[in-house]
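Both complexes below contain chain A, partnered by chain B and then by chain C.
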Partner chain A sequence: MSTTTTRDLAHPAPAKASPAKPRRGLRGSPTFNFWLFTGPFLIGLAIFVYAPILWSIWLSFFEARFTVTPDKFIGFENYTYMLTNDDFVGSLVTFTVFAAFIVPTTWALSLSLALLVNRLRFMRAFFRSVFFLPTACSYVAAALIWKMSIFSGVRFGLMNTVLAWFGIDNIAWLVDPNPPWYWLVIVTARLWLQSGFYMILFLAALQNIPGELYEAAAIDGAKPGWQTFRHITLPQLRATSTAVILLLLIAAYQAFDEFFNLLSKTTWGRPPLVELYYKALGESQDYGAGSAGAVILTVLICAVTLLQGKFMGFGRGDESK
Partner chain B sequence: MTTTTPEVSKSAPPSPKPSRGGRGGGVMSSTGLYVATGIAGFFFLVPFYLLVRNALSTDTDITGENWKFFPTDIQWGNVKELFTDETVPFAQSLWNSAVVATLHTVGVLLVCSLAGYGLARIPYRHANKVFYAVLGTLMVPTAVTFVPSFVLVSSLGWVDTYRGLIIPGLFSGFTCFLFRQYFLGFPKELEEAARVDGLGYWGAYWRIVVPNSLNFFAAMATITFINGWNSFLWPLVIGQDPGSWTVQVALSNYMTNQTVVFHLIFMATAFSILPLVFVFLFLQRWLVQGIAQTGIKG
Partner chain C sequence: MSALSNSNWSRRSLFRAAAGMAAAGSLAACGGNNGRSGGAGSGVDLTQYFHAYGEPGTEQAIKKYAKAYDKANVTTQWITSADFESKLFATLLTKNAPDLFEFHPQIQMIKSGQVADLTDIIDPVKSDFNPADIKSHTVDGKIYGVRMIDDPQFFFYRKSMLEKAKVQVPTTLDELMEAAAKLTTGKVKGLYMGDDLHSVINPMIWSAGADTLNEKNEIAYHTPGVIEGIKKMRKLFTSGHLLLGAPTASWDPSSLNQGLCAIQFCGMWAMPGIQKALGDDWGVFPFPKTVDSGKQSVYNGGWSMFVNAKGKNVDAAKEYVKWLWIDQKQYQEDWATSYGFHIPPRTSIAQSATKLKSGNAAEGVRLFNEFGHFDNIGWTQAMITSLEDVFANSVRKDMDPEAALDKADAAVNRELKKLFG
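== the complex of A and B ==
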């Protein structure tokens, strides 16, 4: 339809496309087109993202049990309740422990896999697929395999079978928090699921490192191996590393699926999302407290993200080029 | 797996035909390299093997006293049993997942690519402000808003419906952001030629930009489909009635159920992964490219 507005193109178009150029009625105006293109997305964003966030903030100041149209304003009471609530604070601790485990291990494993695959001459595509394939699995499916087959707490579980070869007794991996073996189960499941994805990012970055850098280093007498890795590969991967760590942190904050499925009905090892799920949609249906928890969590995530950006220079990746 | 001969010793100078992967390291001989990769690969494949093994075993094989690597007898009948078991609405949940993931993918691509193009290309005074409003949503994990979102969707009467499962997930700030980054790098000359030929933004987008971006669209479609198929929290919140469960919710319910029928659960899990394994095998090129191109590389 808008193709009919051809007349203006008769006059010589200036080389730099500027907003001043097109003067062809509403249909062709950039403003109209901008809203035509972004409008559907922005309306949806307003309704399904911004409105819930605002509603959540509003709810967090009310006593809202079993209702989302509360009338009892209680100020910051939900916030003080959540911040002194052992379960919620415990869930933040759980998250911190989880992130402290999962972020560095995934970073190291995915980088190692990328370095390995990058050096392969034969079967490179095969191994890349092998490491990447778990990305296809859902956390639910992985949780199921981990819980019912590998780390099943009984004799027929794979891990317990292997341990039995060495004369070690059965371990109740998931049903006993002392010692907290469940961390091993959760961390290995997530490592398996997500390392391949980040390996692809590292592979792409590795292949972008100019080969001359290594040649120059060889001339300068750097030994291949640790020295070139330390002084060339690692610095060249800085931007990717930063992005990967940020993505890993965000993914860790959102942890829900495997905790929910591996540790169902236990009270320990609940990350914030699982805790909020039970708080808001569980028996007490406490939307006010749940919303306050969500707001606290969001503020924490924003703070950590901004801090990380400040210290690690997210978005300043261009300088390494 | 290590079928290669260790012909290249580590002291050898860079081999005559420098391989793409040859640079940057020399600590490991090529045998060592393949041994390490093979061991890692073994650990990555074991869970898949266990899944298939258990899916095709009898319950006594799975829970037997002496754990065996191979099942004693392969039970192909388990497939039939899964789909004819009346107590487990598994076929329905597969169908739900297929519908939800497909419509989710189509919708996300349509809505987010248009918005990404608008943000990247159409000169508008406040475009930057709009872009920051989109970026801001990346900071707030979408999962954190599930409580008010659930309330919103239930007040619309969308609980247990495809609408409720699909529509709230269409407005992904991240996908919009990736499309914007991609379109920023799209050659401007092509569009300018189209404008000279008399196409407006809309015409240029559909006739020039989209047909020339099919690779990127295919990559984003693959990633979006995988995410849609695998998503769990939102379908869990929305799917109250077993008839509206997606595959993931159904699996989760079998897992926490008291009466565990092992071989059926594993068979169901295998079927939940199967579509994505096909997607992987056939679309891997785009998938890997797409992930590598998403603009987060250095």
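== the complex of A and C ==
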């Protein structure tokens, strides 16, 4: 028996048991490494996320006009003002209308795109990239393209040019709220921008569905197409669908850029963040009222998200198995 | 063993490289045009904010003036118009606030201690300034800004189009509506006042014989004349004779120059551009009478230079303001007449500005003097927004004007109470 073999037998884990080169100080400590790598991010999070949130909550109880270091405590006056403000409450209605449009349409479109791309035998990567690319475009740039080129109100706007072929007069898509054509502009812009991203999520989920399920279903007589989709694909996508709907809803709450750029200085089509910007922050510089509105909105988003998670059973899948 | 371990990059050298890059980044930042770098002359650094003027050459002119000043290193931030107010207000709360900035006189900036008292530098030449400009910058006897330019705003029209349609220059709002109808053809709309109509809110109020606030700082816009005017504006908005969804805002004369409309509301600054595009085929007229008891009006807008009272170099900033906007008369005339046309607020410069003595420019000056209304320092941004909402709700969305004005009253009174008690 060789020496090596004997040593191996005597010491089954030599690398751990015989530190030929002892590690120095804290560099070997997992705790040190944890703080080394997460510390900077935690500091960033504390400074740029948690501190502003706490500051905002503090500001919401003060008369904070033209200053973020106020000294006049006014209790819940800012909250009362925001909750009795027609425009702020109206912005929540706007959000509801927007979410009712955008969440189901984006869900359906991104799922459809994922199903189409998933079925492709050739050029799948190409089409995946084509649909995903708009995600890289900024909301501001897209809003300007939609406003200046596609939905411009004059005769050389793309949509008005097409309408002119059919003898229809120019439409001021974004200027006149009656009829509310602006919804068409806003919803199409956001659909273009975000469907590709959610398509990728669905695509990943589709590729995780075991092929055996479809084979078994086929043996049992399930017809390919709608029947298979309804009874196998859709239930298998439940977790992803729930996550997508949750993300879409939060994104709808956070909508700002395209509304701000497409509908500048209107009193309609203002989601909560735009309303907060105009009414309380921005030019009016009422940081107290703005902060109160932001706190109300945060509480609302948390409540809706928790309720939605509970209703759709988000995260319950694994436990129930 | 990982590929990283195989390379010449040890963990230590990586940390060293990262530290070096961070240091290099800091040094590079020092060299940027951030207004805080090592300055010329006395070594004092000043930063000034300007909104982006549309006329070519304006940014270079402002930088040229700054460069000519040898007592401080003055850098300029040229900010896109739509972002200017929000960026200015947000930055004023921080340590990166500009030392000087242009804006309109508004009392809340004084009450909150954002702008410095400039009485001492203006007083010696006070009598040479337009008295209305001095009044609009004065609170409790102190003057808080130096007017740089006065900008009268009125309607510009294509003479040939009006002649062809046999339309006289309108003097009442009803005539303006009739003119817009007659001037609307297949490809040309009769009238353009901007999509949001914000530029004509104050002129319409003044032309209805009302005002924003009265001498006691009370609401003066809620009158039957204004309500009638809003109803007429609604009729105009839905008539199909108004250009809507134009590619450029009303402050840009492109819609008139490109033949998208026959009449456009704009400012005197646009005159050189319009002259270049249309030759002599254009004229100007004030906002017509809204109601019989009203009077034609012109909004005398403009921009003023303010000093950030909380800045690090208040005295140096005041010294620069005095040098440029009080002592350097040749720069003031250059700024007012070499790019867009503006009226110099200094009487001596206005009287000698040859470019404003003939043609439509002279007519603009006449309208400014005869029909002009100046900024009211008590009329703040929140109040401006309240009336913008009235126009959005009533003119564009068909809300009852009385109800919309009631809503504005509540917001304006809340603001007035906070400002004046």
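The rule is simple: the second predicted complex is superposed on the first by the 280 of 321 C-alpha atoms of A that agree within 3 Å, B and C clash if a C-alpha of one lies under 4 Å from a C-alpha of the other, contacts with A are read in each partner's own complex, and residues count from 1 in each chain.
Note that contacts are C-beta pairs under 8 Å (C-beta built on N, C-alpha and C of every residue); 3 or more make two chains touch, one makes a residue touch a chain.
Computed from a predicted structure; not experimentally measured.
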Of chain B and chain C, the chain that contacts the larger number of chain A residues: B
Contacts of A:T80 with chain B and chain C, given as first, second, both or neither: neither
Chain B versus chain C as contact partner of A:Y278, first or second or both or neither: second
Which of chain B and chain C A:M148 touches, first, second, both or neither: both
Partner chain in contact with A:N178 - chain B first, chain C second, else both or neither: second
Which superposed partner A:T228 touches (first chain B, second chain C, both, neither): first
Touched partner set for A:S264, first chain B, second chain C, both or neither: both
First (chain B), second (chain C), both or neither touched by A:V68: both
Touching partner for A:N170 - first (chain B), second (chain C), both, neither: second
Partner chain(s) touched by A:T96 [first = chain B, second = chain C, both, neither]: neither
Contacts on chain A seen with chain B and repeated with chain C across the two complexes: 68, 148, 154-155, 264-265, 277
Complex contact set, residues of chain B against chain A: 1, 3-4, 18-28, 30, 33-34, 36-37, 40-41, 43-48, 50-51, 54, 62-65, 67, 111-112, 114-115, 117-119, 122-125, 127, 130, 133-134, 137, 139-152, 155, 167-168, 170-171, 173, 176, 188, 192, 195-196, 198-203, 205, 226, 229-230, 232-233, 236-237, 248, 251-252, 255-256, 260, 262, 265-266, 269, 272-273, 276-277, 279-280, 284, 288, 291-293, 296-298
Interfacial residue positions of chain C with respect to chain A in the complex: 82, 85-86, 89, 93, 108-109, 111-112, 114, 187, 195-196, 198, 237, 240, 243-247, 260, 381-382, 385, 388-389, 392-393, 396-398, 407, 418
Residues on chain A engaged by chain C in the complex (per definition of touch): 65-68, 86, 148, 152-155, 157, 169-170, 172-178, 264-268, 277-278, 282-286
